[in-house]
Structure formats: C-alpha cells, structure tokens
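Quick heads-up: structures coming right below.
Two complexes follow with chain A in common, the first pairing it with chain B and the second with chain C.
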Partner chain A sequence: MISDRMTSNLKQTFKESFLPKIGLVLLLAIILMAIFAPLLATHDPTRTGHYADTGSPYPPMGHSYETQIAQDGDIVDIEVHPTSEHILGTNNVGQDVFSRFVYGARVSLLVALLGTALALVIGVPVGLVAGYYGGRIDDTLMRSADIMLAFPGLVLAMALVGVFGSTPIQVPDPIVMAGFAEGMPESIPIPGSVTVVAGLVIWVWFARVARGEALSLRNQEYVKASKSFGMPNRRILTKHILPNSLTPIIVLATIQVAAVILLEASLAYLGFSGTTLSWGYEIERGQDLLRTRPWISMFPGVGIMLTVIAVNLLGDWFRDALDPNIEGDERGV
Partner chain B sequence: MAMRQFLVRRLLQGILVIWGVVTVLFGLRAVSPGDPATLMLGEGANRELVERVREEEGLNEPIYVQYLDYVGGLLQGDLGYSWQSNRDVTAMVIERIPATIELTIAATIVAIVIAIPLGVVSATRRNEPSDYGATLFSLLGISTPNFWLGLMLILVMSVWFGIPYPTMSTAAVPVGAVRIPYPSHIGYDFYGFPTGRRGVGFPDAMRALVYDQSVSELGAWLRYITLPALTLGTYFTALITRLTRSGMIDELGKPYVTATKAKGLPNPLIRYKHVLRNTMIPIITVLGLQMGTLMGGAVITETVFNWPGLGLRLVDALRIRDWPLMQGIIIFIAFAFIVINIVVDALYTKLNPQVSAE
Partner chain C sequence: MSETILEIDDLSTQFFTSEGKVNAVHGFDLELERGEVFGIVGESGSGKSVTALSLMDLVESPGRITSGSVGYRNPSFAENMRTSYPDAVDGDLVDLRAIPEDARRSLRGTAFSMIFQDPESSFNPSLTVGEQIAEAVEVQQRATAMPRSGRAKTRGPEYSLGSYLMSMALPSKRYVTESSRARAIELLETVGIPDPAQRADEYPHEYSGGMLQRAMIAQALASEPDVLIADEPTTALDVTIQAQILDLLNELQAETGMTILLITHNLGVVARMCDRVGVMYAGEIVERGTLEDVFDDTVHPYTKGLLGSVPDLEGTADRLQAISGNVPSLLDHEMGDRCYFADRCPKAMDTCLEKPRSFDVDADGRHSVTCYLAEENYDPDRALEEGRFASEGAVSDVGGDSQ
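And then the complex of A and B:
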C-alpha cells in the first residue's frame, strides 16, 4: 500500500537530490510536447515535399537526391539543411524533421503507457494467484513464464508483429478536431499491434515480481488471521495481498515504460511497427543519408534518449525512496 | 551430489522450456495469415504448382500430424528448408553462429573491462567528480537506443573523421563503410554474404598471427569489430557499472570490511579481493537474466552494421516471412539462452556456497 511513510520518503528523496527533479521536469516537458503536438509543430508532419518537374517526393529515375539537390531550382520544398523555415531540416521525402520529432513523442509515450498498462493487467493477477495458491497452479504459470523468458524480448516481439500484422489504428486528434490547429493531420496513427505485443512481451516480469510478493505475504500473520475468520481467498487477494505488493510493482512499471519506449523504437527502426510517424522509423530513414543529412537520424534519437533518461531518473527516485526488494535493473526487453 | 542433482533438474526443465518454445512457434505459424505454399512460390504462382507443393510439404495433413512431423524432424536435428532459398535451415543457422558469438563475446568483454573498474572507482569515491561522471555515463548508457548509438558512432568515426568501418556485405555498402575483398573461392549466399568460412574472423586472425607472424589480419579484425562491439556493449557497460557501484556501496558498509581494515589489510586488496568478490554474485545473476537483452541487442547491432550474424539473418527471414528459417533461428537462440542460464546458475552456486542449489 502507498502509506504516508512512503509519500514522505518520496518527498524527502526528491528534496535531497536534484536528479529526480531533472527527470520530472524533462518528462513533463515531453508529455506536454506530446499532448500539444499539433500546436507546436510548424508543418504538417505527414506532408511530403516534391520535385517541381515530376511532382513526386522521390527524385526522377536515374537521379539520386544528391544530384537533384545539386541542380538548384528543380526542387520545391525538399530543403537540404536546417533553415528558418524548417528549423531541423527536412527528411528524405521533404517532411519537416522538427514536426515529426514533436509528433513522434505521442507515438512513443502512448505505446509505452498502454503497453505497460496491458502488461500490468495480465502479469499482476497471474503472479499474485500463482504465488498465493502455490502448488500446481504456481508450477504451470511459472513454467509458461519460463518459456516466455526464453525468447529475447525483441525477437518475440518481431515474431508476434509478424503474426498480428502491423496496421496502425487511426486515433482522431482532439486538438485538431476542435479546430485549434489548422492544417495538421486529423488523426494520428497508433501502432496497435506493437502496443499489444509490448504488453505480451513484458507481462512475465510483472508476474514474477507479483508472485514473489504474494509468496512472502501469504505467510504473514494478518493474512493467516483473515483466512481463519473465513475471508474468501479472492477478497484476501484484493484487500491484503495486492495493496501490499504495489511498491515493487510500481518501481518495475517505471523500468518497463523505459524498456517499451526502446522496444517500440527498435521495432520501428527494423520496419516492424506499421506506423511511419515514429522516432525509430525516422532514424532508419536517415541511415543512408548519414553522410549528407545526419540530422534526419540525429534528432529522433535525442528524443528517445531524453524520454528514456527522464523515465529512468523517475525509476531511480522511486527505487531509492521506496526501497523494494527487486533485483537490480531488470529490463524485460 | 547436490550439484549433479541440480544440473539434471535444470537440464530437464530446460528441455521442457525448449519444447514449449517449439510449440509456441508452431502455434504462431499455424495462426499466422498467409498460405505457406503461396509464400514459398510467390504471389500469383500457378495454382496446380501450389497444390503440388501443399501435398509435398504435408500442408494438407491435419494440424497435429504436421506438428508431430515438425517435432520429429527437430529431434533428428532437421530444422527444415528455407522457403525463400530452399537451403537447409540447419546449415543456414550454423554458418551464422561464429559471427554472432564473436560480436557478443567482444561486447561482453568491452562491458566487463570498462564497467567493473568504473563501478569500483565510483563506489569508493562517492560524491566526487569521478563518481558523478560514472553515474552520468551509466545513465546515458542505459537510456540510449543502441541502433542510434551505432549510427552516431558511424557518423562520428567514418563520416566526420574519415575512418571507414569494414563490411562484408556485397549486396549494399552502408554509408561510411568499405567492402572487404574476399578470396574468390568463397561463394555468396542469397543476401550477398559469403558462405562457408568467414574471411576475417577471429580464428583466421589468430591463424595468421601464429603461422605467418602477421598482425595485419588481427588489425583488420579489430577494425572490423570495434564499432559493433562498442554499440552492443554500451548498455551492458552502463548496467554493470550501476550494479557494481550499488553492490560495492552495500558491501563496504558491512562489518567484515571494518574488521579487515582493523586487521591492517591494504585498501586495494580489501576492495578487489573481498568486496568485489561478494559484489559479483548479484551481477552474475542479473547478467544471466539479461542474456535475452544481449541477443536482442545483437539483432539490432547486426542490422545497423550489416554484421553477418544470426540476428541479421533473423531480420531478413522475418521480413520475407520465411517461417522455417525464422523458427530455426529462434529455437537456436532460446536454446543458447537456456544453456547460458544453466551455466550462470552453476557459477552462482559455485561463487556463493551459502546458496544450496535450491
């Protein structure tokens, strides 16, 4: 349970060290950037530039981007270097890198939060039941957890995305719908299968931690007492075991949010994500243009790094303040 | 013997897990969309041909017969044939193993060599600039996506400083790379990688060193592996630094440290012999658990650097939905993971006699 002592511990650690402050400010800034993306973006992130003579975002047959760029005047809106119009430059098809950076935060954070929530919903009940009842239920559940753990997270995720397919879900954008941001895309693509897959890949880690907690709590006096009073098992699980095992689960959840952000970026980089509006995908796009236009890959990576740093700083803060007994830096992916 | 009993039990558990992995993969393949025969022959293939392939491959049999067939084949070491290139999957897996092993071992060595001294320094000089530096480095290290780190290393080293990194791919030469020439007798596979013996692997470098007293091969190998190993190793360097630091701080506060100090033992001896040894136990456990991350990281790193290992082959197989190849590689990875974890557990009991092999 989140007791008063824990909140005071959290406050104490927050005051004493400046790292949690940096983490909190950074994360809030990124969350605000994600929410108000349509207002911050300077261009429609999906609008491609085009070549004047062909009207296509790709250079004509037989030309590379570089040869096209060399012949000035042929190009409309496919800027090369960062300018005042495109402050971080444009990518290989003339989309504004800054706007895509801002929008990328949305995809990254949504996938991370929803994926971790899904893993919590699956993993915590499974772990609590396994640990509380023990015996055959525990054996079965933990052996299946072992099977899940035998796959490297990323490899399992790639295989699952291959099965589920990767069509993104178009979510309407409330800010644009309300008419506050003209010319921005009306919906944002959320890679639904990546979110589900992230949840399926990391639930095992929650199950393991929840099981360990339930295992030690079930022998506590008050649990035994409630049992002898005839309290049904279900009620004991929800009233006693769950609230008392929350601390390590919260700490693990922060670590896993960071892991899912990296997982989503990796999947998008490898082209398994389904949405192109993602930091990881942008990095892949810039890979071949590293020599001439390094900023295409550079800025999305900074975005991922800052978000993960912010989440990790918060995770360290929780861990130091709440001091749960979970093994070091477990990351599921 | 407790140890033997423990190992037997872990092996049996491991076999059970492998069977589970095989079953899960088979299930995934069964529910995944797309007809295997069509995937094998390509869209728009002759309908009669598709039917004949379905018949030959046993795809018209009931699902449990297909499952038994597959498991039966696996027991004989037969992983099937690649749908794309029609080559034996076992061979396709085996030829890519050395490159991946080289990369993962090099990354682990990089991590251990940098991280443990860094962690020790950080723990013994708490709240000094060197501690802050190490903490900042480890925070950055665990927060950086490794594919991006790889690209930035290429950008800085190859593009800005003009030191190209070598690649073996003949299909496409990535930015900042130079192609390493191969002896003509080596064939090329579907993806443009040389088949059979690798040209500039570690064993070749060693052979040149021993028999020809030539260091140039070793130099080439080092040039070839440095950037990928740094890319893959950074996360682990950061992780081990953090673990060493926090473990050392815990241990240094324990009474036995004061006792050894009182006995007059020199500080470095206490640090490295007693404290570090006790700190290593949790580090080894976490490393065992993190092997999956290392292998996942290898997939990414191999893709970034066109490194001809298992990970790159897996990504290629997934992209073209070559199920037999993909299954073969994943089963192998799971197998390796389980073996490594059994070894780690054995090490763990060896290092810490208190832990009876429970």
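And then the complex of A and C:
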C-alpha cells in the first residue's frame, strides 16, 4: 500500500517546502511534551490551592475568592496572575495552569489520535467495501452508518459512554515511578471509553467519504481492465481503490483529529469524560472567567490550536505528496 | 474448418433504465474458431462494446445478461467442471452461463483477456506500468499453481485475509514476486517497448499513447489467454501508430496462436486483420462471413451502406454515400418485430415488416445474412413508402456503446 514512490515523494515534498517542517516540529514538540509531562510540569497539576491552616482546598464559607486573596495572606494560590511561581497563573481552584497544560496534552492527544485511528480502521474499510461492491452490501453497510448519523454526535457519545462507563484506566506513570519526577501524580488517567466512543461516533464520516471515492473509482477503466485479466476484487480494493482514495481521507482525518479534541472537551465539560485533566475541560472551566482571568482557558485553547495546525500542516504535506494530480511547482507552495 | 473455441448462442444483454428495457445486445450468435481473427464492425450504438463486456462478464448494473449461452471449449476446464456441474458440460464445451459466477470469473485472464479502447485511462496513474503488468502475470502464475477446479470452489490460501495483511506488512511476503516482475519486463520487450527494464519503472503519464497501448497488450498477454478481445484497440491512436499496433497484434497472434475477437468501427482495420467478419446492427449480427464474402459479395443493404461510406482513394471523388438516419431505438417496447434496419434501408419491402431469419447465401453455410434479399430480389413495386416509420418517433440514440 505504501509504495517506494510515496515515500520518495513524501521526502521530496518535505525537503522542498517549509510548512511541513513547521507542522512536524510542532507535533513532535507537543508529543514530547505529553510524554515528558512530569519532568516539564512545575507543580502537581491536580493539587488545588491550599490553605496552610485549614487544609481545605476551598475558601472559608462566606468569602469570595477575591476577598480571600485581599484579606487573608494564607490563600496564595487561587486565580493568581502569571508570576514566576506560576508562569501561566492558576485556575479557579488554584491549580497551576502550566502544569495542567502540559498534562492535558496527554489526554487530548491520546484521545484525538487513537480515536481518529479507530475511526479510520472502522470507517475506511466499510466505506470502500460498500462503494466498491454496491448493491445489497452497500445498502446494508451504509444504512447502518446512517443510523449512527441520525443521532447528534454528542448525544450518541453520551449514550455510548453510558454503555461503556466513563472510568478512566489508571496507568502508572513510568517517569514518576522511576523516580525522575518528585511530587507528580503517580498514575496517568487514560480515558479509554472516551477514545472508543470518539472512534465510534466519527467513523461514519470516513465511511461516507471512502464510499464516495470507491464509487467513482470503481468505474475507472483501469479497474475494469484489472478485472478483465482476473485480478481478485480484494486485491483491486487494496491496490487501486484504497491508494487513490487516500487523499480526501487524509484531509478528513486531520479535520477529525480537531473534532475529537473538541468532542472530548464537550464530554469532559458534561462530566462524561472520566478525567478532568484535559485541555477541553480546562477551556470549559475558564469560560465564565474569560473576561477577568483569560489565561485559564487561553493556554489550553492555544494548545488545541497548535495541535490542529500541526496536524493540518502534516495533512497538507501528505496530500501534496500523494496526489498524482499535483505536479512540480504546485507542490508544497 | 478447425474446431470452435467459443460458441455463443442467443446471447442477450439488457439495460434496465428508467425509460424501459434497452436491448443493447440481443439474440447474438457467434462461433469463434481456434486461432482465427474475427472482426465485429458496426456503427456507434450497435452493441459492439457491450458484446465484448458480456463475454468477459463485465457488464455492470443496470445492465444484465438476460439469456443465452456462451460455450467455451477447453478439455481440462471441462473435466474440472464435469463433476460439479454436469449440466453445463457438453463434451469439451462448457456453458459459461450455466456455471457459478466464481468459476466463470476464474477464466478471466487465463481464458479471456481484453484490450480496451483508451490506453490512457486503462492504467492506474499512480502505479508504474511494470507493476501493473506484473500484477497480471501474478494472476496467471497463481492460477497455474492452483488448478482451476480448486479456484472455482474456494479461493486458495493466497487470497486469504491473513496472508493479505502479511503481504502488506512484510516485504518478504510481497504479493507480486520478483519472477513476475521479470516476466513483465520480458512482456514489455515482446510488445516492442525499447529499454523495457527502465521503462517498467515509469508511470503511465511518461508513456505515449501508442506505447501505452503496447503496454496494455502486454498486460492482456500476461495471462496467456485463449481468446483476446480487442475493443477498438486503435481508435484512440493516431493513424501511423494504429498500423504499428495492428501489425503487433498480427505478429503476436501468429506467434501464440490465440484467437482474437476484434471490435472496431473501422473497415480498414477489419480488412487488414480479420479472417472472418460480422457486421453488427442494433444488437445483432446481420451479416457474417469471410472477409471476401462480406466485402466483395455483400448482400445486406446495411453492409453495403457501411462500405459505401468509406472514402475511396483511387475512385472518382463522388460524395460519400452516408447511411441516412440513425441507429434505431433499442428500447424494448419500441423495437417491435420487424427488420430493425427497414426504416433506413433503401431496399425495404413489405416483407421487411416481419423480422427476417438468418439466411445462408452460399451452399457451404459460411456466409449468412439476416435479410430477405438473400432469397429474393428487390422489387420496387413492393417498396415501403418513404417515411413509413417516421411517425413512430423512435429514432433516438440510447445504445450502450460505451458505458
């Protein structure tokens, strides 16, 4: 499926143009940040603003945060502006925004990439088979896809989370366990069910795009010619249909990565995600304070934006390199 | 008369459209002899291409082969089919319409192969030409490794999903073997591609039209077919290249002894290539015979019309005699039961309102015509009046010449 020509084209396009390099550097940086989060974080991301005397994470009854800050020297961590201690400030329960930004990349990236990958694995074969064979196979597969489409994505996701449960899988953090990072959470919450749900909600779009491609490709003369010398259908699907339908699928995948980050954010906001340590959740958390404390939701927002841009730049690179119709000068402009 | 390899009887292919049934091919009879070149000529919309696709079983929805039999003579194939489908086998002859689709399709490539009209679109633009030909070789090699009976019942392990995924992941399990590739280069050399080892790694857009047509012939030959169906192999090429391609086909035919069914609208191509020729009109063969029979001893007015519409280099330059009118509607309910050419025929008589059967012109039965003129002479007194069919308004071009 991945021919020598594809790899050589990918290399050439990469060399010739600047944007794929930015995309790759950005995405690598974000991925590295996610992996080495415990080393980069300055505070425990889950520790809320502490009160030295009471030990309670919440301000005393009858006091708003601001008055507490003004009147009580003990309340140090709530909603502070960026300082040298908290370089991106703290949020409304006194958690360090930078540390949460670094840790949030883990959840958001994991869900987005794995969820999209799952959707690709389900949707593309279904769509290609439906479009290529047509007839009853097409009807059966695509009508079941339509059932998925009949529900709004978020509602379907919530229903599915209800089925699968939303408890995240707690995986021990190897970096913390190895003793490289003191005072960081010992386990990583991986929202497994949210990942699966994201894949189940968006595979339909891949199926529809793949079907459309297969539908037009199967009428190509070269498919007919391949049939005429006895090439098996399964082989035609992987040799002719799949590679030639990759371009729109890749473009769609880059869009869907962003969509899954947002879907995860919505689920987290509604309390369906099982983890509160994700970019999406942080955005929703800071939404009420946007006017007075913009940093709370701004930085996770920037994180999502950079990820989406990086993925899109890579998607453009794939498209330029893999599409045989884009030649020479048009490439990588 | 040598033995026949293909006996097609009463083959009909219909397209089920919203306007009604379209009889693209109906009541098509043909016997192909082993090693001959048979030409089918006819104007656009006469059902030539659909005939070719029907033989390959490549007709796509809304089209369907509705009746008829396609007998294929091959002793070993007949032997394999005899136990499972005794009804379909008659001596060495297997009726391909009476065996299941899987078994029929296993013959693609190994028994029948096809050259298409437009070489440019018949290659995948994103794969090298060599790769695509090697693919065809691979099909043949797998077919020989696995006897046809086995293929007919179940797909062999080579086609299982597991080995399939393996072939994508592991280079050592590549689907197309090195030997297939080497054979592909050999084939490219056979069809006259210069520097084949290097050209094999080039993409279709780096080839000229003529070279691509040669490459397509190589692809069709890869599986060493018994019958090669060439659907307008030279139409998309310019004239000098046309001659080269036809010569190449002639050479290869002489070398391999394969049977060629050549479909064209070009009478010059037929005259150059064919041993026998069938003239097709409105989905059926109206006149057939040897080249001399049909070209020199023409009976059917339609054949005369076709021959009259070819410019003559030596003769005096009169206006060309075009056949008036259009191909008739092939819609089932509009076709009626008469000679379909009657409305355009300069010699239509009252008898033509009834559908003529096939008449033999000669005693040896090799020249036959679907026209009453084979038996009686034209009588102007019995002529149909002008515009007899005009009121029916049935003249619309709905033929499925190309899909």
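Here is the rule we use: the second predicted complex is superposed on the first by the 238 of 333 C-alpha atoms of A that agree within 3 Å, B and C clash if a C-alpha of one lies under 4 Å from a C-alpha of the other, contacts with A are read in each partner's own complex, and residues count from 1 in each chain.
Rule of thumb we're sticking to: a residue touches a chain if its C-beta (ideal position, glycine included) is under 8 Å from a C-beta of that chain, and two chains touch if they have at least 3 such contacts.
Everything numeric here is computed off the predicted structure, so don't read it as measured data.
**Student:** Counting only touches as set out at the top, which of chain B and chain C does A:Lys224 meet: first, second, both, neither?
**Tutor:** second
**Student:** Give one of first, second, both or neither to describe whether A:Ile304 is in contact with chain B, with chain C, with both, or with none.
**Tutor:** Once the two structures are laid over each other on A, A:Ile304 reaches chain B alone.
**Student:** If you stack the two complexes on chain A, which partner ends up touching A:Gly134: first (chain B), second (chain C), both, or neither?
**Tutor:** Once the two structures are laid over each other on A, A:Gly134 reaches chain C alone.
**Student:** Let me test your reading of the model: by the given contact rule, A:Asp146 touches which partner, first (chain B), second (chain C), both or neither?
**Tutor:** In the superposition, A:Asp146 touches chain B alone.
**Student:** Examine A:Ala159 and indicate which partner it touches, taking first as chain B and second as chain C; both and neither are also allowed.
**Tutor:** first
**Student:** Given the touch rule stated above, what does A:Pro232 touch, chain B (first), chain C (second), both, or neither?
**Tutor:** After superposing on A, A:Pro232 lies in contact with chain C but is clear of chain B.
**Student:** Of chain B and chain C, which one touches more residues of chain A?
**Tutor:** The partner with more contacted residues on chain A is B.
**Student:** Of all residues in chain A, which touch chain B in the complex?
**Tutor:** Contact set of chain A toward chain B: 143-144, 146-147, 149-155, 158-160, 162-163, 165, 258, 262, 265-266, 269-272, 280, 283, 286-291, 294, 297-298, 300-301, 304-305, 308-309, 312-313, 327-331, 333.
**Student:** In the complex formed with chain A, which residues of chain C make contact?
**Tutor:** Residues of chain C touching chain A: 56, 58, 60-61, 105-110, 112-114, 116, 118, 121-128, 132, 135-136, 139-140, 143, 155, 159, 161, 164, 168, 175, 203, 216, 219-220, 222-223, 403.
**Student:** Given the complex with chain A, which residues does chain B contribute to the contact?
**Tutor:** So the residues of chain B in touch with chain A come to 13, 16-18, 20-21, 24-25, 28, 31-33, 139-140, 142-145, 147-149, 151-152, 154-155, 159, 174-176, 239, 242-243, 246, 282, 285-286, 289-290, 292-293, 295-297, 299-300, 303-304, 314-315, 318-319, 321, 326, 330, 333-334, 337-338.
**Student:** Taking the touch rule as given, give the residues of chain A at its contact with chain C in the complex, in rising order.
**Tutor:** 1, 3, 5, 134-135, 219-222, 224-232, 234-235, 238-240, 243-244, 324
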